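Next up, some structures in structure tokens.
You will see chain A twice below: alongside chain B first, and alongside chain C after that.
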Partner chain A sequence: MALALRRPAHTALAAPSAVFFLVFFVAPALHLLLTSFWQMRSYKLAHDFTLENYIEVFTGYWDSILVTFGMAIVIALTTTAVAFFFAYSARFVVPRWGNLMLALVMFTLFGGYLTKIYAWKTILGPSGAINSALIATGAIEQPIDMFLYSPVAVVVALTHYLLPLSILPLYGSLRSIGDQSVEAACDLGARRWRSFFDIILPQCRTGLVVSFTLAFLFTVGDYVTPRLVGGPVTSMMGVFIQNQFGSRFNPPLGAAMSFSIIALSALVIGFAVLLLTRIARPR
Partner chain B sequence: MKHPAGPVFGVLTLAVLVFIASPFVILTLFAFSEGSTLSFPITGLTLAWFDRLFEDREFWGAFSNSLVITGSVGVVSTVLGTMSAIALTRAGPRTGSALRGALMVPLMLPPLVLGIGLLTYFVTLGIKLDLITVILSHVVFTQPIVILIVYARLEKFDEAVIHSARDLGATPLQAFFQVTLPIIGPTVIGAALVAMALSVDDFIITFFTIGGGNTLPTFLWGMLRKGMNPSINAVALILMAVTVSVSVLSMRFIRYRN
Partner chain C sequence: MTAERNRANDRILPKAGSGLVHFRVPVPMTRRSFGKGMLAAGAAGALGFGARPAAAATEVRYNGWQGLDASVDAGGWLAKNDITLQATYINSNEEIIAAAQAGGIGQMDIVTPDAYFLPAYLAGDLLQELDLSRIPNFANVFPQFQNSPGISKDGKYFALPNYWGSCPLMWNADLVQGTPDSWHDLFRPEFKGKTAIVEDVIAATMSFAMAATGRSDVYNLTQEELDKTIDLLIKFKKEQALTIAPSWGDLASMFANEEIVIAIGWEPCSIWGGADAKNIKWAVPKEGAINFVGCFAMVRDAPNVDADYLILNQSLAPEAQAANANEAFGVITADAVPLLTPEQQALYPYGDIPSYFEASGGATRLYPIESDGTHVTYDQVLDGWEKFQRA
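Right after this comes the complex of A and B.
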């Protein structure tokens, strides 16, 4: 209403954006979907319809798919749990510091992806901050190699990156819960854990779903973190997808991998949302 | 409400804060640390790593590319996004929430998928990969953010002032530039800054759509692949400082009225 124009004029305002999304989002997405049914023949793209790429994804890469989804579930749960704890603490335990805590979190909300992962590489490495500090204090004599290049390093680095993105929606949900409703429950004789499960948790459902979904999807599609800190053990799908557009040069297979993990992610997230709705239901 | 679970909660909260802050502290320390091995104890402070970096031509190339891309992305996504946000206020409640849901899709999609999708698309169409393709690709995920932020502000906008302006004879454009824009201005600037922070920090989509040349994140990636070198900390710190200061600035603008 901000322009006080008639309706057709308003719709026209959205036209440039609409065209942009059709040309640079919808069309590339459909094109990628089509590509996933094509094939590479002697380094050339053959436009014949085949399901072979998908068959190869599920026969040749199922172990890596399992690793990827295992990592994604662990990281999504860890991130959501830590973020919820932090947001809960900022809202109910130390509300006086709540705004300051949130401000600190927001500083890096919109960036720092590569820098954060790199920082963890230097912290966890054999001559990194943790090891050299432990050696300097005499706690250990030889550096511990297993910090870096392990699935644990990927969990630590990605959880750290995703925390601000998860804290924000959760704190938003928690802030909209009035003190009165929690106090009323206590006055009516509810124990603390009871009011937590019956009042606080149900109101955070949206925040929890957003946090889990964001963290899950980001991990499933990530290739930088496994390559920088994961080492060869952490064979995640993102690395294979990226290879199909680099050294392996097989875009159709890479496209099929992408759509497979997105479809599987939708299933897992749908299931997680269902489960969460059951747990966080007011009794 | 007082929460009596005091000390345990306090210590754990502090631990999370330390976890969040430690990479930045470590990064800053090592960027100025004299030793070249990135390990404790730190023997002295130096600016040598920055000096060495500033002598590197490729760094300045990446820096100016980042500047051009981020600036263009900021302008394009803010102009288009603000126009769409205004149009969105006129949509019915159902269409409106469906459209806002659709806007979330480019944001939720893993950047890797967006990157390879745009790469194959550009290659098929025969479009040469350069800074323009990066700018177009960035606008795909920055524009929805601008629309959502500006829309949230417009929802709380008092329509009466527009009607008064129109009754007093202002044209729709006059009403927009003299009444609406001054009121929602801070939010629009904040949204532009968020778009720029996301653009300047993006590595994955840039990596696939830039062809040749570098931005700051792809330059950092190149250094990481060549092996450890203390100047990496200097680049990382500069990149971090840019994103954090743009983000902090954007928060100030967006909070201005909310």
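Right after this comes the complex of A and C.
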């Protein structure tokens, strides 16, 4: 790619997207970063450099940061695990049906975000499918409220929503693994689990990282789902960021919150990459 | 008003705009808002919103609650008057202020502030003084609302009341024994897990402040009283509430689904359930309840003054007010009441509005924007609200 970009024609082809990226993402992000070091005084922006906003984030909102990242890690791990089993099945267990399974995954993308969240609200609610089935079978007499308005509901709803996005990169990684290497391992006497850990897992590491990252970053930034199905004790940082840019009239603090979350997310993802590199390496 | 925008969430969104009550409510979209949004989009298309205006049409910039603009256009009034609306919908009063301060003066025309929030608008010199002689329909406004606190200052009018309502105690009469008459009834053991609270700062903090202090003029709270209020809210959240509803529409759905049986309500919640609506009753508790008046106003140095006055006058026309009533808002003019259905007429006490406001503790005002040295400011209340959210 680097070599290709040295050619003027290729550089020209990349220029529009690069300019778009610089103008509409990098520049605004830099402005927001700068804003995070300013302060509001009497509802007016004071352009003096200070770290107070960042201190406020980590002293005043550490509990919500923990909730946010705890929720995001659980959901990202759950989503990646389920997505991997699905993609693995489509690629190696029933490869004949792989394309059909992938088409079904793509089909689920047609459902909008809120549509899916509200669907789960209906399913998990007191008169929803689960409670109705349990009551019909005599397993319970009264609907169980805790299916909905709980952290579990958030995990279920977001995992379901993120699954297609996580399956696609994983399936792509698994598709790139040739049958020959797996068959060669078997021919040489490797057991199934050994070829899995030594052949398949190392080669789909990138897919796992992408899958985890997508699910993690989406969840860290989400606050709508917890509001709709999470119950009274699942306030995530997105809520407070929104507050600062809205009713609190405090964009500097909101910007500091945003960049703190971005930095912490980078740390979590970096740690996940290191961990995966360690686990998924050929022995 | 948050809720307002909550409303956004709901089908309500469309007609959102409520006053205080709807302050800073986050506005995730819900199925209802989506459906209504589609309807609104279709209607907008049919009405010509977003279409290339005819050469002679006056393009008026509207920054306000979604739905109120459609009421003005009842009967195709805009097209008949060669006016097109360039609408920007809001989720909170703060958005209007921010837009006006960020270059909106001289660009924006019509806005929809809530009366209790008007002092903040006037402090920022954001609104144009109104010439009531150009708004003849103002004479039809119920006397109670012609003098709504905030709409005038030093004898000069800066806003027109457009709709009204309150946030009383609301319950499902089929499932609740007796008649609850206090905010403290929300804490009765039998309602554990059967109640909720809308994420509406003003409605929630003021209603619970009434419970914590026993008085209705809770826009003036000491720090100790605010702490008590927030503690009570946290206790409610942890011990009683099923969830925090993101919008009034969601609360209405919870009533309809019988997930909850009692809560701080808003009159329209009792009918939003449609065919699924339960036997919902409401009453102003003995401690009082917040009320609000939504307004139309003209931004200072508005570019289309003549068209703006036409719109302001039309916002008080009977057909526009009747359209508001379709969204379950309280109409503000006497001549609109005969156009309402019996159900709509029964929703609000049009026969004795003054008594209604007196029972609820008088017109609700916003917490002080600037500190007076004794009472907490609105910003301090928001600090307390975030403490509640994190708890």
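Rule of thumb we're sticking to: the second predicted complex is superposed on the first by the 253 of 283 C-alpha atoms of A that agree within 3 Å, B and C clash if a C-alpha of one lies under 4 Å from a C-alpha of the other, contacts with A are read in each partner's own complex, and residues count from 1 in each chain.
Throughout what follows, contacts are C-beta pairs under 8 Å (C-beta built on N, C-alpha and C of every residue); 3 or more make two chains touch, one makes a residue touch a chain.
Being a predicted model, the structure only gives us computed values, none of them experimental.
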Worksheet item: Which partner does A:V220 contact after superposing on A: first (chain B), second (chain C), both, neither?
Response: first
Discussion item. I'd like to know which partner A:V105 touches here: chain B for first, chain C for second, both or neither.
Written reply: first
Worksheet item: Does chain B (first) or chain C (second) touch A:A129, or do both, or does neither?
Response: first
Practice prompt. Quick one: name whichever of chain B and chain C touches more residues of chain A.
Written response: B
Worksheet item: In the superposed arrangement, does A:S258 touch chain B (first), chain C (second), both or neither?
Response: first
Discussion item. Just checking: does A:G231 make contact with chain B only, chain C only, both, or neither of them? Give me first, second, both or neither.
Written reply: second
Worksheet item: Taking the superposition as given, does A:S17 touch the first partner, chain B, the second, chain C, both, or neither?
Response: first
Discussion item. Tell me the contact category for A:R248 with respect to chain B and chain C: first, second, both or neither.
Written reply: second
Item to complete: Check whether A:D145 is in contact with chain B, with chain C, with both or with neither, and answer first, second, both or neither.
Response: second
Practice prompt. With the two complexes superposed on chain A, say which partner A:Y118 touches: chain B (first), chain C (second), both, or neither.
Written response: both
Worksheet entry | Contact residues of chain A, present in both the chain B and the chain C interface | 114-115, 118, 125, 127, 223-224, 228, 242
Discussion item. Help me check something: in the complex, which residues belonging to chain A touch chain B?
Written reply: 1-5, 7, 9-14, 16-18, 20-21, 24-25, 27-29, 31-32, 35, 82, 85-86, 89-90, 92-94, 101, 103-116, 118-120, 122-123, 125, 127-129, 131-133, 136, 160, 163-164, 179, 182-183, 213-214, 217-218, 220-224, 228, 238, 241-242, 245, 251, 254-255, 258, 262
Discussion item. If we count contacts the way the header does, which residues on chain B are in touch with chain A in the complex?
Written reply: 1, 3, 5-6, 9-10, 12-13, 16-17, 19-24, 26-27, 30, 37-41, 80-81, 83-84, 86-90, 105-106, 108-113, 116-121, 124, 136-137, 139-140, 143, 147, 154, 157, 159, 162-163, 165-166, 172, 175-176, 180, 184, 194, 197-198, 200-204, 208, 217, 220-221, 224, 232-233, 236-237, 239-240, 243-244, 246-248, 250-251
Practice prompt. Within their complex, state which residues of chain C touch chain A.
Written response: 2, 23-24, 26, 28-31, 34, 91-92, 94-95, 98, 193, 199, 201, 237-238, 241-244, 246, 250, 257-259, 379, 382, 386, 389-391
Response to the item:
The answer for chain A against chain C in the complex is residues 61, 63-64, 114-115, 118, 125-127, 145, 149, 223-224, 227-228, 230-233, 235, 239-240, 242-243, 246-249
